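Quick one: the structure is below, and I'll ask about it shortly.
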């Protein structure tokens, strides 16, 4: 097996909380998480609110620092890099956020929004080249190139999420972290965005760390999955292993709680 | 759904009436102030003792004062003097206050320090402090501008800090950090454009406050020195003649009220119109 | 119990009006649970607001909403107050905003009991305790004196249900009651609602965007799209054999796992279909 693109080892993150009477206690949001993501694969982290999955995403994106452990991307330890080297490295990993209404600056044109990460490149294209790059990124996610001239409020939630994906892809990153990227969308739109992510993975060999609370979505999109609870990764494996033959009780509880059409006809009836 | 309902509930766009009335009053005020530079019915500083204390329409549109000066002309020039002092003071307060506000929102450590300074500034009463400043610098335009402007810094700092903090919590800020942008650049590109509406609204409201405070300072003799006419001093000088010549008090009093009302209505109207929550639905 | 007939809701807007609900008819029987499913902007929330007479003032309505024969749309504010809470209880999506942050859970539940039934303080508190027990809140003796911010989202939603139950309504309207909750908590809340329908004979209108929720907790389903009723019928029939293209699309958009139950034959061959 080739070396994984993303290798997280024994990662922890503690937060200091000021409790009653000024006493400082420590909250471990991420607790000894280790996982590998192979290049070109989609790894889903699934868990309920407060399980630490978003903290994990922030650390992998180097928006937050771990209190222990390492995150290696393409062999480089992100938190051992100098600030300058980290800034250079950032072109290799980008993020797609949950809220397509909050993740786009309402005062910037779509073209400006999509081009923002080009700031990371030393030799960022200017003028016409830049516009061509933005147009290509927009078309890549199924939007017309002319969208660049318009503003976020002119687009629907699903289209906005496409804009956010175009922004994440413009520097040709190796890794994209999607934090609940389809949770705020209507079901039909959600299915479209999932198909888009899959097709981008196939076309560009993209690696995706997909953070979600929705097991149905994991089943649709991921190759491997990690189940998180209270900061720990309780179970990891291929999607088929984990969803079809869960080993842990918590995974089973999670799977059983998910509302599906299998419940049809099993409803308790009164006489 | 509720946003949609709100949008559909109104035929008029939000704040239309206050915006219209406030806009007209404010435009009128600025027009009168600017006209006074090139034309007034009479020289506002020329005394004609023989014509003193004439009623409105007897001598000039609004009569004359105890020294026979034309009240209408004084009022016009006074508008200019009031407005320039107020504008300069608000400019000082808005620029320094907004800088402090966005800096506080961007940096946790600066935040504590800047906000404590603002608390201290808030605690000082502006008029009393202006009297002290006047004793220090001598009365004049500069004293008024510094005194008023200084005490607006915390107002602007608080408003912009709150608004900027909301912007900092948005996901597009995280996207900008993912693009390797630093605090200063994010503030410039993302934070300031998104809080500009709140700053503009605050500027109009604070202009009204500044006009009122300036009138108070010149009433106490801490504004522009004579013979430059100011609304505050016109009021002060009218006191002695309140019974014989009430128009001397009424003219500047109504002018101050109209100016403050106009700017406040304009501020309310703009606040409703520029509120991004209401605008986003359109 | 409740019959909505040819209901249309529109809002005036410059140059015409916006129709958010158009010619919708549906009924809920006693002890029956009706699901209303649709995507955002389908008008499903407007329908529920109309049912408790809480539409914005500028809304124009036609048709009727009959609560045991009396038209809610024709009622005055005083009459509506007798309906809201007493006849129709409401459960909200975000219980944090629906609860008063300055009152304990017990006080909020007891307030309704005392106002509407004129019972004494001690008696109302005892009743509040019984209701907290009914919504299966863990450790009700402690929770009765808790403030909303001291509780988890699931516990707050249970308190929200208890408040609605305090007035002994005949019909509960739950508008996306579990959308803000984790799946494991969602299951617990839906179990409670199921039991209320089954044990107390309450009628329930459950509004959700989630077909899985509709499938497990409702008897009949109304599918809405852009203000129109696309399809109505027994939930099992609507989801197993949808007739409208829109319903088929909704089901097709479900993740495979959520759709999984469809391929298998029903355990009891449509024995419960009405």
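Should a chain be cited, it is by its letter among A, B and C, assigned in written order, with residues numbered from 1 in that chain.
Basically, a residue touches a chain if its C-beta (ideal position, glycine included) is under 8 Å from a C-beta of that chain, and two chains touch if they have at least 3 such contacts.
The structure displayed is predicted, hence computed values, not measured ones.
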(Q) Farthest chain from subunit C, going by the mean of C-alpha atoms per chain? (A) B
Q | Comparison of A-C and A-B by number of C-beta pairs in contact, larger one | A | A-C
Q.
Taking the mean of the CA coordinates per chain, how far is subunit B from subunit C in Å?
A. 51
Q) Which whole number of Å gives the spacing of the CA centres of subunit A and subunit C? A) 33
Q.
Based only on mean CA positions, could you tell me how far subunit A sits from subunit B in angstrom?
A. 48
Q. Do you know which subunit C residues sit against two or more other chains?
A. 40
Q | In the complex with subunit B, residue positions of subunit A that touch it | A | 61, 63, 87, 90, 94-95, 97-99, 102-108, 113, 116-120, 153, 164, 167
Q. Once bound in the complex, which stretches of subunit C touch subunit A?
A. 31, 39-40, 182-184, 186-187, 190, 194, 197-198, 201, 209-213, 215-217, 219, 235-236, 239-240, 249-262, 264, 266-268, 270-272
Q. For subunit B, which residues are in contact with subunit A within the complex?
A. 170-172, 174-181, 189-190, 193-194, 276, 280
Q) Of all residues in subunit A, which touch subunit C in the complex? A) 48-49, 186-188, 190-191, 213-217, 219-220, 243, 253-254, 256-270
